[in-house]
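Next come two complexes, and both contain chain A; in the first it sits with chain B, in the second with chain C.
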Partner chain A sequence: MTHKSILRLSEGRIALFLVLPTLIILIGLAIFPLGWAGALAFRVENLFRPDIGKWVGFRNFKYLLTEDTFWKSIRLTLVWCVCVVSIQMALGFLFAMMLDTRARIVGVLRTLIVIPVFISPIAMGLTWQFMFEPVTGVINYCLELLGLPGGTWHTSTDTALMAVMIADIWQWTPFVTLILLAGMQGISPEVIEAARLDKVRGWKYITKIVIPLIWPVVMVVLLLRLVDSIRIFDLVYIITRGGPGTATLVASVYDFTIFQAGRIGVMAAYGFLILIVINLVVILFLRLLYRQEKEARIVQKA
Partner chain B sequence: MSGWDDLYKRTMAESKAMKEKISRRQMMKIMAATATTATVGMGSRIASADTKGPGWYTDDKMKGKVTMFVSAGQRWELPARGVLPLFNERFPNIEVDIQAGPHGEMVTKSMMLATSKSSAMDVLYTDFGQWPAFHAVNAMEDLEPFASKDPGWYDDYNKDTPTGVQYRVPANADGTLYGLTGDGNAKLHFYRQDLMHAAGIHKVPETWEEALEVAEALHNPDKDQYGFITTARRGGFAGWVFWGMLASYGGEWFDKQAEGGWHPTFNNDKGYKALETLMKLMKFRHPVTLNATDNECNTALANGSAVYAPIQWGTAVLQNPEFSKFPNDIGTDLVPRGETAESAHRPLMGGLGQYVSAYSENKEAAWEWIKHLNSGDYTDSRISDAYIEHTGQPARISMLNKYENIRPHFAGLKKSFPVAVSFVPLIPEAFTLSDIIGNEVTSVITGEKSIDDALKAMDKGVEGVMMDSGYYG
Partner chain C sequence: MRSPIRKAMDIFVVFIVAIYLAPIYWISLTSVKPMNEINSKEPVWFFEPTMEHYVEAFERFEFGKALLNSSIIVFSATIITMILALIAAYALARMKLRGADVLSLFILSLRFMPGVVIAMPYYLMFLKVGLIDSHIGMIIVYVGYGLPFAVWIMRGFLIDLPKDIEEAARLDGLGWMSIIRRIVLPLSGPGIAVTAIFTFVFNWNEYLFALYLTQANAVTLPIQIAKMVDAYTVLWGTISASVVMQLVPMIVVVFLLQRHMIRGLALGAVK
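Right after this comes the complex of A and B.
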């Protein structure tokens, strides 16, 4: 064996030694649980009857795919993501534009606007729950003072999803605002000056100058919010527990209710189906965005 | 005869027998207790030799640490903490560590604690309805050897605690004791006496038809006054409302609770009638009803926005002036019954209690602690006082009698226990099944399914779980 090959071998061993802790953690905390969950998806496992576990093939999947509630939870999750993320992006962009000035007050406003992001979702969920309360809540009280009719908010199947969306939008729009504002403030002053001299203003300034220049930032914040929205749990669970009925039974809350009923096998199967469905949606969405970005670059170059 | 009938008849017979025994004791005990509670206003306890009963003893040689897991708050953690100083007085060298956690997740969490087989938990304070699941995984210690060492105490416990919440395997008076159920509850009929009188209704509704009339008469949404509220949150909560109504129409979960049976029987006339009546009541529901657990119901009743709850778990808070705006106007009685020939007042009954973990390394100490917690006047009347003072809701009939004057809903509980049925069948799958049933009930309320389809789905879902569990092929 040559000196070089010995060195290469020891380098390989050192590399393996260095990677090993990460590998063990990854296997222990991600790969093994995922594999275990995968196995559970094909079994009948009841938390309250651990002694009756058995392999049942695709039965848990079949059960879910024929359940209306499963499809409703998927639909609700998608509606949630589309509505919440698009409104947060639109409002966040609007606020960022408003704050993108050199006025002194902007610093104070930036500090104030970030407060909702730091509030614990549990505390915030409970606060919104009390505020939404149709009979004794402060929101209906204020509406009544203004002579407007009160709403049923989180207590009605028709309005519950919207009510929780309001809470989520309230919390996360400032985050979008801050990130987009940072992107806007990174636009070179020369570009802004050139636009001003060329009399590029208003809508044209936004669509032709601002958006193309901050597009990578938009992509990042969009992806962050999308992923966060797909796995929404805390806020929905605190405000409505997925109810009334199934009105806010988004994917993660539905999965948790299955777990609470002790149906571990069904829960695992649902987790896998959700993983597949949501990943498909995300891939499609990202491809669409990538294509748009590519087209925008071509236009820019032209 | 079905298991329910058996349970119901045993409870009723024992309660009747007990009534006479208690009435003799009552004469002295109630007078003493009433005087005590009236003078000290439940605010302090008087330590004197007079408070000690025949079960009193101390032991400073017994040592160890007892860790008890329990849901935080009223009826769970607080009564335990309330009686702990007296336990320390009796067993100065046993340390009790009360680990309290959020109640909402306790059913699943406690099951996971039990299946972990950890010796870190000596006692679990949990819902009586869950015990068959713990028993199925051999997590519960046989308490007979411990209880038999003190026959006086055991006899007092057996006679004073309704059989409906005593956990024995098999479920009869000769079965082996696996847990002590110090807390009892039943679905009660809460109504606003003042509003009913104002509406010209002077009789507490006996049947669901009459309950519907009251709900309609009191319903006035323009004034934020709603004629009906119940715990109709999706899952178990909605399931137990339905089961309560089904029971009142003479319905059952299964054809029989024995080998050759266990086939669900929701899809029949009784099931239809129960859901139909529930839907009629829902017309007058308070806005929070569909997502309500006890907290939401009690809050709405206490602030006056909900005025009628004919099928609601018993609670002291509604008649507590610190919580309720109408402490003196809220009455309690038996839940209504159906109108059919097979109908009867059959309120659901549950209870909270403790078992000693089979994996505990301090079983003797753990037993002494749960025994103390379930003792009442037989050991020391200060235990009863502390239990009640710290939000306890006893299963012991003697304690219900004794404190009825300061906890008015105890009268409703006392009336309910003899005719009550368990809120779940005593099988490990009970909570899984409750969830299936409740989800179908919700689908009817929200208009996603017809009553017929929901009842069919209930039968199918329950049968599937029972089949998986090997009750039949």
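Right after this comes the complex of A and C.
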């Protein structure tokens, strides 16, 4: 007995020793900067005037809350998340359904359709910008061929947000498709056979069988997409730089313009607000997922 | 035994996927188009292909330097990340470690950190120690950036390995190091490959940190490509050539990964 417990103790020690380098690095590269940003949020600091730094309590936060551009960026981020994530989920589900029933060709198509996810938002943003060009762009040309009026896309205040959204939806819908598809292909053939025998088809099959069975997967994809949408930066920044005017100034892009102005205290304060929102979303989703798992277990027992 | 309607639907689905990838064909086509045909109002479909934009990207826009920077930074960061992640994930997944679940969740949670929050402190830290615009600085940043994801995915793969073989080896008197070297590493080969490739992809495409922390000496590909727009808005040929050169490795990656990528993309959390 004693021999065994000594062995176990040393295993725990060795394990801790193995995790330690990673932990130290993550504390140094994530927790420590986070603490620093937290401190900055309560200070007046200017990159270009290092001499004026001082503690000011909640002044940075108060300043943000009274600023119109701040509220506009919050509104834009909210609109962005709602539109982009809901369309990606709906389209992604539709594509997954289409691919799910095509066993013979699904492998190739799945590989092809996921390509956008792996390409950098910078490369894809530029590609879309090129295609959106109002006069020489291929999109307006195609619309004209179909007899539709062309748009001004990323170049005008009214349509810029929509144009960037289209690029983002295009890039990330395959991600949703791929993961939902994995969920769908995990549904046991017996369940599908039973549904077929009971003549459960079409809409009813989707809502009563597919969606409930892949619900945990849906929640995970939704969470990942939501977090990425809240902190969206690259794609918007490369296509519009937040403009024209403030038409696409979503949270992270606005935060970056504050950095460019040198006002790093205010910037840290805004960054913290984004972090808090993301944390709330993650906690909410994990709670929901956990509760469902518990309920499922109770149902299984009964 | 396939009905014509089903067959027609199959063709329809293939067609939709083909349309979906149109932006990628279009940018590739543009990258080999002669300059004067790129900005014509009517798209030109047939033309004499040219490599002038590729040459231009290297000669006028220091594409080669950015490519070298990206390669050095991303390869080094990926190797360091993988070594650390493999060791940590092994301990978290296979050893009796108190609080392993809490630790794993803590590491995963760092994946959700918004870049804008910590990029600023990085900037100030690097300014103090002189790491701004340096390769070493970027490698450090990317190790921190990729590590949470790599540990989490690697842990998922390692948990799935059957425990019996390892127990048997231990009963036979093999030490930790030999168990890891002779049994765990060979068995988790695919998991290591997938994790390494994903880490590589994330770093290769990263933009925000590079935007804060590089200026001239250590600029990475996304930064260099974005710079071309700032200076010369109209040179779409050069830009598309650069975009194509940046995305080709990623398309290769997609085909290398094939069906493994679902697991990786889902962050190992779907399971």
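Everything below uses one rule, namely that the second predicted complex is superposed on the first by the 250 of 302 C-alpha atoms of A that agree within 3 Å, B and C clash if a C-alpha of one lies under 4 Å from a C-alpha of the other, contacts with A are read in each partner's own complex, and residues count from 1 in each chain.
Keep in mind that, in the parts below, a residue touches a chain if its C-beta (ideal position, glycine included) is under 8 Å from a C-beta of that chain, and two chains touch if they have at least 3 such contacts.
None of these values were measured; they are calculated from a predicted model.
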Touching partner for A:Q88 - first (chain B), second (chain C), both, neither: neither
Touching partner for A:P21 - first (chain B), second (chain C), both, neither: second
Chain B versus chain C as contact partner of A:P121, first or second or both or neither: second
Partner chain in contact with A:T157 - chain B first, chain C second, else both or neither: first
First (chain B), second (chain C), both or neither touched by A:P33: second
Partner chain(s) touched by A:G107 [first = chain B, second = chain C, both, neither]: second
More chain A residues in contact [chain B versus chain C]: C
Contacts of A:V227 with chain B and chain C, given as first, second, both or neither: second
Partner chain in contact with A:T136 - chain B first, chain C second, else both or neither: both
Contacts of A:S73 with chain B and chain C, given as first, second, both or neither: neither
Interface residues of chain A shared between complexes with chain B and chain C: 135-136, 259
Chain B residues within the chain A interface of the complex: 105, 107-108, 111-112, 115, 130, 133, 136-137, 224, 233-235, 286-288, 290-291, 300, 303, 305, 428-432, 435-436, 439, 442-443, 445-446, 448, 465, 468-470
In the complex with chain C, residue positions of chain A that touch it: 8, 11-12, 14-16, 18-19, 21-23, 25-26, 28-30, 32-34, 36-37, 40, 95, 98-99, 102, 104-105, 107, 109-124, 126-131, 135-136, 138, 141, 170, 174-175, 178-179, 181-183, 216-217, 220-221, 224, 227, 230-231, 233-234, 237-238, 252, 255-256, 259, 264, 267-268, 270-272, 274-275, 278-279, 282
Residues of chain A defined as touching chain B within the complex: 44, 46-52, 54, 68-69, 133-136, 152, 154-157, 160, 240-247, 249, 257, 259-263
Contact set on chain C toward chain A in their complex: 10, 13-14, 16-17, 20-21, 23-24, 26-27, 30, 39-43, 84-85, 87-88, 90-92, 95-98, 100, 103, 107, 109-110, 112-118, 120-122, 124-125, 140-141, 143-144, 147-148, 151, 176, 201, 204-205, 207-208, 211-212, 221-222, 225-226, 229, 236, 239-240, 243, 246-247, 250-251, 253-255, 258-259, 261-262, 265-267, 269-270
